[in-house]
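To start, the structure under review is shown below, and the notes come after it.
Chain naming follows the written order as A, B and C, and within any one chain the residues start at number 1.
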C-alpha cells in the first residue's frame, strides 16, 4: 500500500467561457441566419412577386424607417400604444381590485363583463370611430376597449383568491384597509395581474395596428397598407419586420419588469419545484 | 367517542349554499338587466346620438329580424368555417412541430430566438400581404388565423412536452419502453392538459382573427356583413351583429373550457383539489 | 317523457320560426328570360363597390343582357377598391370595376393590369357626380379656401386628392398646405359633423346628406380639372386576355350593350340602386347619375396620368398602350 503524501496536482482545465459564449451565439443566430440564406437563395432562383429577397427588404427598411417617417409615423404610433396600454392597465387594476373585493359587485357585473370580454375588439372599431371621430382619441379608446379585459378579469381573479390564512393574519394584526390592500391583496394578486398585463400588451399592439390600418392617414399600420396599395412590396415587408421588432421589444420590456416585480414569486416557485 | 351530529348541520349548510347560488344568479341577472336599461336610456335621453347608437330594444328587434334571414346564418357558417379550418391547421402544425422540437433539446435551443422573434408579430400586420397573395379568398383569412393560433398551441405543447415528470421518465426507461411507446404513454398524457389549454386560447384568438379578416380583407362572413351594414348606415344591424359575435365568442369559450376541464380531471395536479 | 316533450316543443318552435324565414341574399331578379343562350352560362366574377354607380350593372344583370351573351355575372362586393387588383392577380375574380388610378399604380410595377373598357364618366357640366362639400358655417366657399385645411377623400393617393390639389392650385391656393385624411364615403356626414375634417370629397347620396343639412359645395374637382373624367373603368388582367380572349370579348360586348341600355333606362337603374343599396326610393331619385359608356376617353386618362406625374403621385406616366386596350 502506498500512501500518497505529495499534493496531487490536477491540471487546470482551460477556461471555457469564450467557448460557451460562442455556443450561445451560434444557437441564437444559427437558425435565423440559415432561414434568411434559404429565403435569399430561393428568391434569386425563382423570384416570387410578393416575397422579395431579404437584402432588398433590408435596404427598404433602412430607406423607409431611418428618416422622417420614423418621427411622423412610428413615434406617434408607439406613443398611442403606450398611452393606451398604460391607461388600460391602470383602469383594469383599479376597477378589478374594486370589483374583486366587493362580492356583490362582482356577482352583479360578472355576466356582463364576460360578455364584453368575448366580443372581438376589432368589431368595436367602426362603432367607436363613428361615436368619437376618426382621430387619435379614437385609436387610444380602441386600444383601451380591447386591452383592458385581460387585466381587469385577471385582477378580479387574483384579488378574489387571496389566501384566507393571510387575510385572517392581516385582520388579527389589525391592518387598515389601505394597508391590507397595499401589502397583502395586491402583491398576492400580482402574478395573475402580470399574466393579464402580458396579454394586454399583445392585444394593445394588435389594436394599434388595426386602428391605424383602416381608419387613419398616418401611423405604422397606415404606412404598411399604403405600401401594399402602391405595390411597394419590399417596403411593406420592412414595415412587417419593424412591427415584429416592436413586438419583441415590448416582450423584452415586459419580461424585465415582470422579473423584478415577481422576484419573490419566481423564487418561491423555484423552491417548490426543486 | 362522540359523533358530532353532522347530519343536523348538513341541511342548513346546504340551504345556505343554495341560497348563495340563488343570490349569485339573481345578481347576475340584475347586472344584465341594468346594462340593458342603461343602454336603452343613453340614446333615448340623447346622451349619445341615437342615429349611431340605437337603443337596446331596436337592436334586439333587428337581431330577431336577422335570425330569420337565411343569409345571416350563411354568414355565421362562413365565419365558423374559416375559424374551424384555421384552428385545425394551426393545431395540427403546432402539435407536430411542438412535439418534435420539444423532445429534442438541440432543436429547442436552436429555435428559441426564431420563435421569440416571430411570436410577437401581430398577425394583423400580415393582412396586406394576405390581400396581395390571395385577394378575397378564404386562404387570405386562413393565413392570418393560422399564424396567430399556431403560437398559442405551439407554446403550450412545448411546455407540456417539457413537463414530463422525471421520475416517471426514468421509470419508463428502466422498464425498457421503446421510444415510441414512451411518447404515447408518457409524453402525450402529460402534454394533453397543456394542449387543451392552448386549444382554448387558440380558439378565442382564431375567432377574433376570422372576424377581423372578414372586416378588413373582405372575404364573406359576419365581419364583412358588419362593414356593409355600416356602409349602408344600418347601425341597428351593426350592433345586432356585434352582439352575435360576442355570443359566438362566449359559446366557444364555454365549450372549450368544458373540454379543458374534462381532460384535466384525471391530471395529478387537479385530482386532489378544486379546479379554479 | 318531459325531455322528449321539450325536444318536440323546440323542434316545433324552430319549424314555425323557419317557415317565416327570409333570405336577404336571394336574387331579387325574376327568373331568366328565354333569351338566354342554349348551353351553359359561364360564371364570371366581377368585383364592384356597393356604391350608386354599380346600379347600372345590377339593372343590366336583371334585364338579362349578360345572359344573352352567355355570361352569368356574380357581383363580388368589394370593401375597398384597393383590394380588387390583388384579387384580379390571384385569379379570384375575372373583372373589376374601379377607378383608373389603381391600374396606374399596378402598371407602374408592370403587374399586367389592363383597362379593357370604360364604365362611368363624370359629367362635364352642371352638377357633377361628386364634389367637395363643407359643413354650414365653415367659411369655405371656393377651392382656394381649402388651403391649410383638412380635407377627406376615400383613398389617399388617387384621383380624388389629385384633382382637388389641381383645382386648388388653379384657384390660386397652395395645395401643399392641404392635409388629406382618409374617410370612407359612408362615414362622411357623421365625421364632418363631428369635426374630424373641415371639408370632404363625397359622391351622392352622402354629398346630398351634407348639402341637405346646410353645407356648401366648394368645388367639383373632376369637372374643374378634367371635365368628363372617367369615374370607373372596367379592369382585367393581361393574363386573362391572353388565355381566354373569347371570355373577354363576350364580357366586353355584354358590357357595351349593358351600359348603352343603362343610359336610356334611368328608372331601372335607380330601382336597382334602391334595392341593392337598401336606400329609400326618394334618396335613389336624388342621386346624380354619371354617363355610362363603354368607350374609354383616352385623352382624359392621359391627362390624369400627366397630372399624377406633375404632383409626384407617380414617378412616370403609365405605358398607355399596354394599360388601355379598348375591347
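Criterion: a contact is a pair of C-beta atoms (placed from the backbone, for glycine too) under 8 Å apart; a residue touches a chain by one contact, two chains touch by 3 or more.
For clarity, every value in this text was computed on a predicted model and none was experimentally measured.
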A-C or A-B - the one linked by more C-beta pairs in contact: A-B
Chain whose mean Cα position lies farthest from chain B: C
Between chain A and chain C, centroid-to-centroid distance (C-alpha), Å: 41
Mean-CA-position distance for chain B and chain A (Å): 19
Chain B residues counted as touching two or more neighbouring chains: 52, 131-133, 216, 227, 230
For chain C, residues that touch 2 or more chains besides their own: 190
For chain A, residues that touch 2 or more chains besides their own: 130, 228, 231
Residue ranges of chain C in contact with chain B within the complex: 17, 20-26, 47, 50, 76-80, 83, 86-93, 184, 186, 190, 277-279
Chain A-touching residues of chain B, taken from the complex the two chains share: 23-24, 27-32, 34-35, 48-49, 52-53, 109-114, 116-129, 131-133, 207-208, 211-212, 215-216, 223, 226-227, 230, 235, 238-239, 241-242, 245-250, 253, 276
Of all residues in chain A, those that touch chain C in their complex: 49, 129-130, 132-135, 215-217, 222, 226, 228-231
Residues on chain B engaged by chain C in the complex (per definition of touch): 51-52, 68-72, 74, 131-137, 216-218, 224, 227-228, 230-234
Interfacial residue positions of chain C with respect to chain A in the complex: 82, 105-106, 108-109, 111, 155-157, 180-183, 187, 190-191, 194-196
